[in-house]
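Working notes for the structure below.
In order of appearance the chains are A, B, C and D, and numbering begins at 1 in each one.
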Amino acid sequence: MTIITKPNTNSEQIAIIQARVADFGLQTTVVRRSQNTVLCLIGDAKRLPDGVFSDLDFVEAVKFVSKPYKLVSREFQQEDTVVKVKGVPIGGKAIQIIAGPCSVETPEQMQASAEAVVAAGALFLRGGAFKPRTSPYTFQGHGEKGLEYLIEAASEYDLPVVTELMDVRDIDKFLKYGVDVIQIGTRNMQNFQLLKEVGRLDVPVILKRGMSATIKEWIMSAEYIAACGNTNIILAERGIRTFESAYRNVLDVSAIPFLKRETHLPVIVDPSHAGGQSWIVPALSHAAIAAGADGLLIESHPNPAQAWSDGEQALTPQELKTLMDELRIVARARGRDLGQSNVVQANAHRLKDLTKQQYAA
Amino acid sequence: MTIITKPNTNSEQIAIIQARVADFGLQTTVVRRSQNTVLCLIGDAKRLPDGVFSDLDFVEAVKFVSKPYKLVSREFQQEDTVVKVKGVPIGGKAIQIIAGPCSVETPEQMQASAEAVVAAGALFLRGGAFKPRTSPYTFQGHGEKGLEYLIEAASEYDLPVVTELMDVRDIDKFLKYGVDVIQIGTRNMQNFQLLKEVGRLDVPVILKRGMSATIKEWIMSAEYIAACGNTNIILAERGIRTFESAYRNVLDVSAIPFLKRETHLPVIVDPSHAGGQSWIVPALSHAAIAAGADGLLIESHPNPAQAWSDGEQALTPQELKTLMDELRIVARARGRDLGQSNVVQANAHRLKDLTKQQYAA
Amino acid sequence: MTIITKPNTNSEQIAIIQARVADFGLQTTVVRRSQNTVLCLIGDAKRLPDGVFSDLDFVEAVKFVSKPYKLVSREFQQEDTVVKVKGVPIGGKAIQIIAGPCSVETPEQMQASAEAVVAAGALFLRGGAFKPRTSPYTFQGHGEKGLEYLIEAASEYDLPVVTELMDVRDIDKFLKYGVDVIQIGTRNMQNFQLLKEVGRLDVPVILKRGMSATIKEWIMSAEYIAACGNTNIILAERGIRTFESAYRNVLDVSAIPFLKRETHLPVIVDPSHAGGQSWIVPALSHAAIAAGADGLLIESHPNPAQAWSDGEQALTPQELKTLMDELRIVARARGRDLGQSNVVQANAHRLKDLTKQQYAA
Amino acid sequence: MTIITKPNTNSEQIAIIQARVADFGLQTTVVRRSQNTVLCLIGDAKRLPDGVFSDLDFVEAVKFVSKPYKLVSREFQQEDTVVKVKGVPIGGKAIQIIAGPCSVETPEQMQASAEAVVAAGALFLRGGAFKPRTSPYTFQGHGEKGLEYLIEAASEYDLPVVTELMDVRDIDKFLKYGVDVIQIGTRNMQNFQLLKEVGRLDVPVILKRGMSATIKEWIMSAEYIAACGNTNIILAERGIRTFESAYRNVLDVSAIPFLKRETHLPVIVDPSHAGGQSWIVPALSHAAIAAGADGLLIESHPNPAQAWSDGEQALTPQELKTLMDELRIVARARGRDLGQSNVVQANAHRLKDLTKQQYAA
């Protein structure tokens, strides 16, 4: 059970609710949100008599949620959550493409990446500064320097940036550089301490699915973030681990409609990590959008053959542009819009001296 | 290595090729096809000197195929195979929808199923007469009687039929009733005796992927059929078995582009067995078509709640029609056509007394 | 619900039970066994009033079985089934090792294989005459000729033989050659027609687990065999398909105690297909016996490096003997016996001219 | 390639090696260990001429390691690593059992748990103070208070303790309370920041396998720890995620011999999380020991029915004792010893007033 207060409920009022619940041997988790406060009941809600809060005028509603996930469930909130990043919506009618390289390498590479993103009409730039690598002997990312290159490249076109956070101790750096969207990677989907910390921030979070996480575990991890107060959560399907080794992972396209039914959160797809090879990225992208995804997280690189990591799955600037053009048609066929035409146009105006020659694949 | 003869090469000429190959300690598998004969070399092709067949004018070409699958590989044949069933193409530009119930139950149910298929604008009727069931104590299908009901219902609208073959001893019945497309089910994907027997027939075959078959194993099973002479093969992805239990199986949407790249065979998708619940079928269908599938195998039933098997994943006639209308738009967005308008129209003319009242969901 | 008759119940009496059940709208599957007849009720047993069969003196007992599998379940039969093959028990206190090559190759190879089996103290000889191969272009087994070689080699030492059946049309050959135990391979675990046919025979059956079959599906396949009257069934775990590719399959050692709890059938393990490499076979063999397996199915070959198939996972005669000696100690530690000392001794007497030199690895 | 120095090599000497390597465009990772320093070459070792370090007398040896994991590989170190904890060896000939509850609940529960561990003859106490839980609404562990209870209960019998670390910020607490062995849980196997931090400590680490981590990824995570200087690493197999849902996970028994071959680290098994139900724990324990495991991590509880978490998989004190007695026999059959008799005896002397009555299951 969840108890939802009216806006501006104060601590004293929250305490009254908690005391009443405690009379029946129950506890609550308190989630303070900008619009209201939600108390999630821990324990058996049937112990509470009917109308136990009816005399408390600061209680807006009491909702019974049958699922183990409360705040992020569709039962709790009927309407879609639309996450706004610098005014650009993720979720709802619009579909957003987030593109950029696996690793932030050099200022020049990031500059070229940002230009390619803008040229293709995408609105978000991604790039990894802190890299989770299987081997301790491979490039681990530039760290703080990487954040600097990323932000610098994005700022010229006012592109919001997405980058991965791996360590609670790095949060201050992310805030200092003004990272727009924090990505929690597949290996940290159940790093509960990290989830709790980003739950306390005011920054949108992309939560990637664990390599072999069930849908339910994944939603529970989103609930961890929401239970700490941050409901600007975007779920990102990136392929699951199975017996099949013909591709890097198996894109679980069924997860898209399933999540949209179970939760009110936006759902995006990472076709690059799912497929692991650039030639398969367009087909997976089309499938994801057709199945109802709210966006894509695509790896692109000015020169994939020279990429410091994951080059084989990165699109060239030209491939990215071609894909975007095709996706616009598929999006329309499903009654959706790719990007926001006014922002795309404004960006294009700034893109003066970009020439195709810069991006020899 | 494969050696391709000119049309009308006779047995004596084949023997000459074999003898020459034998001189180098090698053997061949001989595949007689309507258009030509192909000899697949068994053993190390490097032992043969260059131009060893250049004096034999009945040898059309020699092709080296690097994959373990030869005849079905894209290396062997560049252009797409288009399987024609009663004049209706599967593969190429057209997308075909095969719909109908899991089990053939009664003449009335099959009649209503056929009408619903026609009303929706689909061109193929499916229905199971021989049913592979996990338990020996559940309905095992009507057998031959089921074939009769299926054919009878389909004949009124000239719909080609698709039905599953489980036992080599039933082939004569399938031929007697004129089954248009033989389906090899997921549990028989590596029933090599069955594959060899349908390889000797002149009837198109839908080969479903085994529950946890790798793509490579699956293509090798298609090769078994082709190596016996039947190249009218359609591959059907139907979801794979993974750790996720939120849906019946995980639709492996990446298999579609991968198969189209590796083989020249048409690829269709069964969203019903993949998803296991009717509400998820539309999203998976859209994803499949967007990813490049050549068709869908959909379970539909005049009254899913009363179905003898798999009712929870069957679409109602109205749901089937709505889905078809949406799919037509997605197909067009990808530059494809759903069905064949002239056939669809002809069918619609015959559909006189069909009323919605018959199909209360 | 299951209705168990007294011995020698006749058809008329069975019909009386069926008629009574039919009065309540229910049906039965009739299983005729040597010791009695069992009728498995299809449908809701709650419809039958209490004591509905109490006046029929040919009804021995009525047992309610809560599991979907009836005849093979531990609920139906408390005591362990011990399958006797030429007097040698599989199940119960004794542990049996079945060894021999993947494929029957030549009379000499089979002769040497039989000698190695006897020298190691194992009591069963295996060898494949009909081989399920992923590729149509690899050796498919000698077929009937292979059965002949196998039987010939085994007969000198009175070794019972185990060999795989893939096609219902080959059953007559298996009976003609007197195959002692029929193996149903992993790819045919849900070839229900084949299961039904071996269910009608009087020959013990080894039922291998499907590559990714759940335990429940596997037991249901055993139930198919039992429901046709043959309860001499031995379950063989051979590794399951997972994401891990360091070994051929993952031996599911938990299946052993789980099956022993759910069914009364003997459970054996195939460490060779599970591990896929000979060096890992001993460790897996020890684990299987320690976990409670009733036997092992081990691939061995007089000269693994020359084997026509699966040589990398075959033990040499010397490795087989060493392993048997170690296993005897582990078996004893778990209160079990490996083989039957009197039979082993008798075999050893016949083994005159066997010399180690014959088996250079 | 790895370059191993003589003991007491100083920074200046290390710098000489690095400079020489840099001349060929290569870099190194420097691992300072108590006995020596190891430099792991990053990049292509073939660029270095033969004997490039032969004039440096502080270079002990140069070893080429073909695997991506260097320091933990069997190629790098032939002999088994034996991790000593308060004088008790893990690895080598001895087999160690670590037992105790999933969660530290109360001082009394921990006291009873410690007594049960001693009564059974086990030498290590486990208990979770910081708990990774799927849901934010379930008990998350007592935190620091839990460490206190655990240490207090263990100290009476001088039992070394094992407990899980989830957050780099908790390391100081672990050091303050003198945790003997730090456990890295399955969800943090690729939490590389955490691995690096425990790599800098002088405390033995149990590294659990990720839920669906490949063996190779797992060993690479151990390499992360070793590359930071801590080579007191114990690998713990705890079951992998597959399609099978009859048990919590599938114990990958093949991992034991495989890891022993690839690495020199001790390997233990957690049969409780693998099986998920207490009745299956003994069979899995026997299998693990028979396959060569160096120890077990078993969940036990004075009263499983009342456990705050994972009660269904915990053994009662009596079940733990019975299992230990059986395991001693299996260990001996494989030429190993369970526990250390002198320590076990010393503990038993302290165990005065422990009576069976305290532990009603």
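Methods note: contacts are C-beta pairs under 8 Å (C-beta built on N, C-alpha and C of every residue); 3 or more make two chains touch, one makes a residue touch a chain.
Everything quoted here is computed from the prediction, not taken from an experiment.
Listed options C-D, A-C or B-C contain a single repeat of the A-B interface, assigned here to C-D, on the basis that more than half of the contact pairs agree by residue number. Set side by side, the interfaces B-D and C-D show unequal numbers of C-beta pairs in contact, with more at C-D.
Once the centre of each chain is set as its mean CA position, chain A and chain D turn out to be 35 Å apart. Centre to centre, using the average C-alpha position, chain B and chain D are separated by 51 Å.
Centroids of chain C and chain D (each the mean of its C-alpha atoms) stand 39 Å apart.
In chain C, the residues that touch at least two other chains are 212, 241-243, 245. Here chain A touches chain C in the complex through residues 212, 241-243, 245, going by the rule given at the top. On chain C, the positions that touch chain B within their shared complex are 29, 40, 42, 68, 70, 132-137, 166-169, 187-188, 190-193, 196, 210-212, 217, 220, 223-224, 227, 241. Those residues of chain B lying in contact with chain A across their complex are 212, 214-216, 240, 242-247, 250-254, 256-258, 261, 274-275, 279-280, 283-284, 286-292, 329-330, 332-334.
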